[in-house]
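Order of writing sets the chain letters: A, B, C, D, E and F. Residues in each chain are counted from 1.
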């Protein structure tokens, strides 16, 4: 179940942003994506999650190996914290096996379980969004700036959860600007930035549209 | 899929979820008509079946943007799309939830509102039947429209614009059934057509909706 | 004498109504049942309307209360805006469903009455129409209360809606009158009216009006108590979570 | 039972509908009052308990 | 304040901004009516002024939730509220922008759509005049409703429910002017009332809207 | 123009979250608000910005001395970057005096000035949101987690802008979970958390509503 990404090019709104990205990710390992604002981290992660097709290149695993946590959390503010998690557990068919208690406990949300999700602060919401990962039961986590709004304690809880996931043979791809204290490979995306000149065959009219 | 249906129904019931508001809108449209066209009973009775159908259609239309846009805005739709459920099933369930929370109440309320417009007595049964047959098609077509406009900020009005032409056949046959019913005329042809449209859209349109949704998500 | 504003203190209000409410409730039940039985069983038929006059014992009291409940809500809203007494905001909230049901009763009994008298269930008569509009106001008012999460904000918003709505309700009343001259009876309960209803109908009507009014008071007190408790409970639950 | 003549249906249905609505309102109000009272008591007890 | 007005107009013109969609909705409602009530010319002519008014009102209504909700969602409203401009002016400008982008096009389009419904010849002028006088009131009242529901997720339908009863007097007098105009009857009273309501709402309602908005922002 | 905050209590959704917050902030100084998720930083900042009334206590300056940058940026995605900034400059009546070029340059947005704001990445949007502060012309900045989504370079640009603002006699109140490298006083909000027991008079039913 090694993930192999090969010569991947991705586009945002039709404009290529990254070209020729390649990496391998073995089970039990984490990968940090680094790169300045606007380099294309979010776009790359959406491609991996199967939400948009790549421009070129190959991802060795099916999208349903990935659990994606985006900038937006997908939280329903009128449902309680527990109802939100239960929904995701049901949808992924993991209600019986994992149980949401583990996920709640991991992010110290058990006390807030009955609270309507709309009445959480920014960081609490984020924790709920991350707890969702645990109930998907998927091996590879794709995390887009997961620690936004988290306080220092919450960041360590998050790192613990990721470490436990890796120890269980899972893996994770994380885009983040801050230090997480994880033992992970780092890939810098700046060199893959798609520039005008790096377009492969500029003469092809069809290609020139892109 | 049951989880999704239950969640949508639960969300609709919660504060601000919009359950009953479609109904209220229907009520209000029907109430406004006499203010506009004047209070003459005999005139109102003549236009009643048509107005009731148009009112139901508009009430349905207004709630369409809740079907997908809310889930889009808070990111749930992306996450649902990556979950292990086929998108065709997702849009069908969404349409079903919309019908249960909007269409069905309209069907039940229509006879009461018929009173307000002096709908002739034989019309009530046919009006209800035609709405019962027609509103599921409205929900399914509406879900298609919602899928088309999901990425757009406040696609609400654009959505109406796209969906209304698609509603025209349903409206024509539905209102025809109701009108002929009210005037005690033969109505098998429009009834059969209405039923046919509904079955056809339910069977086929979810595939189009899912395809369109997939495009909009990327 | 204690100032009336003291009853705006929730604790005081709860204590007082705890004592008073059972009495009001019992009186309301007795008067209402008495009035309705008198009206239903022991009044003659009207020479024109036949037995349908008996509907008047439901219709007129409900119609009166439908309007007066709104006026009460208006007063309570003003008190909330000016003096910010929570009880009065909650009383307005408590009265709305009662008023809405009264409006509905007036509408339904009126519609049933219309069938034999005017030959139609519904007629766009000004009075009927303005009641329908009033019903819509009730619906909107209640919907707004339940849509806003923060209690104080909800009280503020609904109070202003009630104020603005009252002005527009008056305007609509005038508009509707202008738009259609109606079939409906004028007010004939006024004291100086020439053609008053005959005493045989009048006395039981007064009793059932009294019954409806008492029932309204009892219900509003009961529901206000419930709202106060619910409000306190929400506050406590929130605090509990705050630790 | 008084003789209601040809208007029996109207009068009875008017009384039936109106009384049913009133009864419904009373019952709903009472039930909610009872439930909220019980819930509040529980919360207060929890509060004073710990 | 000019900046705010210009921004709102510019936003309306941009892609997805909703300019013209109210108009399209108006068109479609008017087009649907013959499908609903049947194609008899004389019937349509009788209900034409009323239907045109109701169509304009609904088109207006549907675009109300754009007035404030968009600015609320992306946080601009908070920032505008902290800028050195009185909130009363802000809501007035918002209402004005709404009228310019929605009400005014409706006024201009109404005579054309009157043709579709066989509006009698003397009616056109009065229809336009009544809409010109009445639609500003619709925008101002609508802004009040939008301010009431601004904090609520997708308050759209609740907004309709709250605003429609407030629209009743405007509709009655407006449609009355148009109808009497079409039938060449005397119409000074409803015309005066319509003008009065419009002036009154423009002068007073912004204060209520600003108050309500302030409550919703905190 | 010293800001004095005295015995300030603030509530969110009717529930007191902070009690008795007090601090002083002289011109030219910055203040960092620290505290775990959910302690009430956002609420406190909203009160200072005049968006909601305090429960008790006093803020010595009028709300129109403050420029507020919230979690949400108030960016219109169909307007260009320059149009967005121009609007705020006009609204604050500073179009003539400061000019938006300075603001654009400070956050390295000049190249993107004509781009529609909706086509920016998360970090670029954030930079646009922060650039708004420069065109308000207000002396005290209130910043709620300003560096969310910013990459490392952008964080230093931001710190430079704040330092320049302080050097000009402005001041800033910043809620943030991460280190900004600013010379600033720090106030820890945890001790001010409004707890059950600190409620003043529990017996008064009227108070018990709150």
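Basically, a contact is a pair of C-beta atoms (placed from the backbone, for glycine too) under 8 Å apart; a residue touches a chain by one contact, two chains touch by 3 or more.
Everything numeric in this text was worked out from a predicted model, so none of it was measured.
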Chain hops separating subunit F from subunit D, counting only touching neighbours: 2
Pair of chains ranked first by number of touching C-beta pairs: B-E
Furthest chain, CA centroid comparison against subunit E: A
Interchain centroid distance [CA atoms averaged], subunit B/subunit D, Å: 34
Interchain centroid distance [CA atoms averaged], subunit E/subunit F, Å: 37
Distance between the centres, which are taken as Cα means, of subunit F and subunit A, whole angstrom: 29
Where subunit A touches two or more other chains at once, by residue number: 71, 77-78, 119
Multi-partner residues of subunit B (at least 2 other chains): 15-16, 21, 24, 28, 35, 38, 153
Contacts with 2+ other chains: residues of subunit D: none
Contact footprint of subunit F on subunit A as seen in their complex: 13, 35-38, 42, 71, 119-124, 126-127, 145, 148-155, 177-178
In the complex, subunit C residues that touch subunit E: 133, 136-137, 139-140, 143-144, 147-148, 153, 156-157, 160-161, 163-165, 168-169, 171-172, 174-176, 178-179
Subunit E-touching residues of subunit F, taken from the complex the two chains share: 46, 49-53, 63-64, 66-68, 70-76, 78-79, 83, 86-88, 90-93, 132, 136
List of subunit C residues in touch with subunit B within their complex: 111, 120-124, 129, 132-133, 136, 139, 143, 146-147, 149, 179-180
Partner subunit D, residues of subunit C touching it in the complex: 36, 40-41, 45, 50-52, 54-55, 58-59, 62, 97-98, 101, 104-105, 108-109, 112-113, 115-116, 215, 219, 222-223, 225-226, 229-230, 232-233, 236-237, 240
